[in-house]
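After this come two complexes, each holding subunit A, first together with subunit B and then together with subunit C.
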Partner chain A sequence: MGSTLKGIFSVGFGYSMLRVTTPILFAALGAVVSEKAGAVNIGLEGLMLISGVTGVIVSAWTQSAWLGLLAGLVLAVLFALFMGYFHIKLGTDMVLAGIAMNVIASGGTVFALFVASGDRGISSSLASKVLPTVELPLINKIPVIGPILSGHNVLTYFALLAVVGVWYFLYRTPLGLRLRAVGESPDSADSVGISVSKMRFLALGISGFLAGFGGCHLSMGYVSWFSRDMTAGRGFIGLAASALGGVHPIGTAIASLFFGFADALSNYMQSLSIPSEFVQMIPYLATVAALGVFARRQMSRERKGKKQAGREVA
Partner chain B sequence: MSMGSLLEMKGITKVYPNGVLANDGVDFSVRKGEIHALVGENGAGKTTLMRVLFGLETPDEGEIYYKGSQLQISSPLQAIRSGIGMVHQHFMLAPSLTVTENIVLGVEPRKGLRFDWDQAVSKVKELAERYNLHVDPRAQIRDIPIGMRQKVEILKALLRGAELLVLDEPTAVLTPQETEELFASLMELKKQGHTMVFISHKLGEVKQITDRISVMRGGRMVGVRNTAEVSEADISRLMVGRDVLLRVNKPPAKPGKKVLEVESLSLFTPEGKALLDGVSFSVREGEILGIAGVEGNGQSELVEILTGLRQAHGGSLRIEGQLCTNAAPGQLRRLGVSHIPEDRMLHGVAVDAAIQENLMADRISKPDYSGKVFLRTKDIESTAKSLVQEFNIVARSPRTPVKMLSGGNIQKVVVAREFSSNPKLVIANQPTRGVDVGAIEFIHRKLVEICRSGVAVLLISADLNEVMSLSDRLLVFYGGRVVAGFSNADAVSEEELGLYMLGIKAQESAQLKEALA
Partner chain C sequence: MIRRDLVFEIGRTLIAIALALLLGFVIVLLVSEEPFNAFINFVAGPLTTTRRIGNWIEATIPLIFTGLAVCIAFQAGQFNIGAEGQLFFGAVTATIVALTFQLPMYLHVLVALLGAMVGGAIAGAIPGIMKARWGANELVSSLMLNYVFYRLGLYLINYHYRDSSAGAMVSYRLPETSWLQQFWPPTRVHWGLWVALAAILFSYLFLYRTRWGYALRMTGLNKDFAAYAGISVSAVIIYSQVISGAIAGLAGAADVLGLYRRFQWQQLPGYGFDGIIIAILARNHPLGVPIAALFLAYVRSGASIMSRMSDVSAEMVAIIQGIMILLVTAQAFLAKWRHRSVVREAKKHGLNA
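== the complex of A and B ==
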């Protein structure tokens, strides 16, 4: 136990926590944007898989990690808009559209992988590229903080910038205001001539864009290959992080860090002599526990609100 | 085009796909700079007329002239661009956004890519100042009172350059103080050259602030008057005047013991406005107690509480002496309460299910119809068949989905189920709304029949004709309270009832008590 604690408080653990938070954070931000527009993107998981496999294949073909990333992003956005077409134009339930997207992605990526590499499980036979890591000048000289913050994959820094970017977009631009208005009260947005469907397409596109980064981080940063269903629920954990963070970019980033912590803990404890099946459950148990606590808090707050209303009446 | 008209609607006719003639050659004209009241009962066609004006409904016939030229309005955005603003009864505001954000939404001032918050706030402040509509530009909508939300709605329209403002029952949700404040603002707007259409049921208010009044009844415009030249009673006569009383053959009532006793029932909105304010009455077996009133005066809420769909905040409810305040719908049904809901498609039937399934919905778990594992299909079918026959439901078979039926036949399915469950109390809320004359007559006859067989009937209807011809005793609801009661429904005239319904008159408590017992 003592060694576990020591491990958690080590510099290496801090570094790995940031690393594993990255894909969750991208997914969570994608969830925030879509949820704000009133069309929760359940398909994040699938979009991440699609961009992950696309990134690997294209980077192997072109021998450029950046072109791989670009292709991954384009495909994730296209599929997000495709899903939007079904939901917004054809009236499919968003949950069903999302589930369909995830199922298509789960099978489709394996198919694409097999076509490209001849392997159904992993892309290691492809000479795919990895996005570069970045040493932060000056910061990397600071003891403790330096090694935790510096030397990450470039997408980890993108993720942190995306938190600020999404916040700025939602809360400081006219477009963000309209997007939030559409999500909260479509009728009032409609009554002043804002197109609800256009705003939802935009939100889903952005959400796909962010998920695309998350997927590429997994296959071209976190590790250097694509393997089937490698997202392992991170898209859904992202949705949970968004709910836990109050659908606000900053709160969501904090919630994502919490899930990153659970993930890192599980990675770390796999080196101990605990059966790995138990250890691997940690991130998911943490998700369930966190959502449970969150729901309880919400309920007690509502009850208080009701009581207050009752008092005013009396 | 007459002199000084800002808006002229000519010969507007609108037939809805279900065949309802909502507007029948309506002429409506508004002069520049006046406050013009549009009054009429629910279903008189006011809302349709305004929806046509605002581009939400395409008229089948008729023309709209605005500022002297003909206008084709096909969307709200177009109406807004022409300078017509609408303050909806249900506010079009996003609760978590600020006052400023809601007002400038869609026409945001910007600085580069940014939303220019400071400029937006100062714009809102300036506008609020100019029209004396005080709002807190930084507050979130959910934190401000209803009255201020309404001002936000008005500012929203003004910011977009509205010269003609349509206010749809703007005082329905306001407290008296807020109403006074609103009126001051409206007078200020008028002084600055704006024109307003004021839709309302409340004749006192109409009298107070409008210049002219247009009255609609049954989809037609029945009169335009100068407000100063008419009394509230005149308007009410125009509004509720009926052609002929539909006669129902009704043997004299023999009231027995009390079945339903309601004692000072009350209900409030989250903002603390009273929806029901100490309502007390009772219904005896073998009598029909009618509740008349303009819709939205607490009748729907009362029925929801009596049928367990909503919890009361105060007061008590007894069925045959047994206390059952805030009991669940199922419990109330077991006590013998039967309910014909006002919205049959929402609460009356499952539209996709078959007629026989709907007929069985309240009794399917009884041993007559379900065995240990399987349903007793034969018993279900035979019962359904006999009900379809008895209640004259016109359908190919009892297995036909309810949605294939006409409104009248759907209502008969509801009535058949509710009347065949051996009820002690039947609550009939708008039992003949939107059904054909044949079905109306049939349902009326059945109501009288079941009542005279010893069942207590509570009849709620906005149709004066219906409550007057069916009821033995009669109550009038206004503002969530019983304002009048008549122990003999035949002894009251329509005009008198109209005065109570519109809140112009109210009975003394002694007089009321006698009728309530």
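== the complex of A and C ==
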């Protein structure tokens, strides 16, 4: 047990926790933005796969990691809008559109990889590039904190900036206000002249943009290749983090760190007698429990509200 | 009136499928150097040998169960996407029951199947109870529980029933009395097929010939109206999820008891999400499920044969499936056509009157 505690409080653990949190955080922020506009984006998983494979293929062709990232982002946004078109314009249920996206992406990325390189399921013959890591000046000189915070892939810092960016956008800009209004009550938003469909397209586009970063982090930072279904449920974990974090960027960031913590912990636990399966289960169980507790509190609040309203009428 | 709707829905589904397949062929034309060879293998491949026909039927069996499971949940208006975890856990509980008890031939299979149903029902009940009691969103809870039951199942197999003499992470081999017998050599088609047919019949009779099924469908159509008419909506939500979970559990049992004869999954097999595709194609009707399951399994086996016999990889089929979901569920797709026929009929009646 002592060795685990030492492991958890070691510098390496803090570093790997931030590393595994990065793709989850991007997905979770994507979930927050689309959910704020009233669309649950189940398709994050697929969007991440699409940007991941695009990043690898384009960076191998152009020999530039940044061009790979750019292409990955563009494709993720385009596919998010494609999904949005079916949902907003043609009336497909958003959840089903997301499931369709995941189905298309899960096989389509492997198919695209095969067409582009002849590789089956893993991009072993592509000389793809990796996005650079960043040494933070000054901070990297601080003991303990320095090695935890410094030396990460550049996208890890993007993710942390994105938390602030998404918060600022949603709560401090007129556009963000309109987007949230559409999610709260589309009819009222429509009655004051806000275009519901435009806002939803915007939200899904941003959601795809963020998921695109997450996918490229996986294939051009976390590891240096693309493999079949490499997201391994991170898009869904992102949705869970958003639910656990109360669909708020800050709460969601904390929830994502919690998921990252459990993920990193399960790697450390494997050397012990505690089965890693249990440790890996914790974040999901926590989400289910939190969901139940929140729903229950809301229900009792609503009941109280009704009772009060009844008394006033009487 | 209702007949016209049915014709419209069937027609619309067929057109959506045709468009998706057409897109598949265009993709094959673009990427293949031998597109004709690829086409032939994709379209006719599954029927060329007995073994291939067998593979097609084997693949259909679990899809029928998950398709039915999703149908029942969707008919109750429940967005339950937990069939994946339910079938995984059902496979685990079937394995445990089969390994724990020593029973005579037929009884052992039945008890193992029952074990799978109980496992799946438990996994399905949790999001149902949370929704009925507290109004917790079943979409997120069932999605998360997929991973909980996945890990729990892996833990049970890896730590308590793992065959350490086998090279991989698999359970002990199941005793022969617990097998769903394969009855059509040289294929591996097994008794699970009859269980699947029984499940179709049960689902149909339950939904359309019982009071419970009626209450379930009313709740799905309009929850408030159902509650007003004296139906206990909470009870419906819970039992619809329990039944749906039990049927999903059978999907896992079918593969373990019928095909592998030991537990060998290390990943979620994906049948739960396939069940959603099937329910959509079948328009949530149990009698449509076998047709949709046969179709999906056929497209899959065709794709896998195509990838072995030509230069097109099997994953192309995923694009076809995704486009199919999008088109079939798009309410506006071909809506003008329906509108026109309604107007025509209205005019006709107007003139007659």
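In this text, the second predicted complex is superposed on the first by the 268 of 314 C-alpha atoms of A that agree within 3 Å, B and C clash if a C-alpha of one lies under 4 Å from a C-alpha of the other, contacts with A are read in each partner's own complex, and residues count from 1 in each chain.
FYI, a residue touches a chain if its C-beta (ideal position, glycine included) is under 8 Å from a C-beta of that chain, and two chains touch if they have at least 3 such contacts.
Computed from a predicted structure; not experimentally measured.
Student: A:Gln280 in the overlay: touching subunit B, subunit C, both, or neither? Say first, second, both or neither.
Tutor: Once the two structures are laid over each other on A, A:Gln280 reaches subunit C alone.
Student: Who does A:Ala240 touch here: subunit B (first), subunit C (second), both, or neither?
Tutor: second
Student: In the superposed arrangement, which partner chain does A:Val74 touch: subunit B (first), subunit C (second), both, or neither?
Tutor: neither
Student: For A:Asp187, using the defined touch cut-off, is the partner it touches subunit B, subunit C, both, or neither? Pick first, second, both or neither.
Tutor: It touches subunit B, and subunit C stays clear.
Student: Between subunit B and subunit C, whom does A:Thr173 touch in the aligned arrangement: first, second, both, or neither?
Tutor: First partner only.
Student: Mind telling me which of the two, subunit B or subunit C, contacts the most residues of subunit A?
Tutor: C
Student: Note which residues of subunit B are touching subunit A in the complex, please.
Tutor: Touching subunit A from subunit B are residues 76-77, 80, 88, 91-97, 101-102, 105-108, 110, 113-115, 156, 160, 268, 270, 272, 313.
Student: For a test of understanding, state which residues of subunit A touch subunit C in their complex under the given definition.
Tutor: Counting only subunit A, the residues touching subunit C are 40, 86, 89-93, 95-97, 99-108, 110-111, 114-115, 120, 233, 236, 239-240, 243, 275, 277-278, 280-281, 284-285, 287-288, 291-292, 294-296, 298-299.
Student: Under the touch definition given earlier, write down the residues of subunit C that touch subunit A in their complex.
Tutor: So the residues of subunit C touching subunit A come out as 31, 79, 81, 126, 130, 133-137, 139-141, 143-145, 147-148, 151-152, 154-155, 158-159, 273, 276-277, 280, 313-319, 321-323, 325-326, 329-333.
Student: Would you pull the subunit A residues touching subunit B in the complex into a rising list?
Tutor: Residue positions touching the partner: 172-174, 176-178, 180-181, 184-185, 187-194, 309-310, 312-313.
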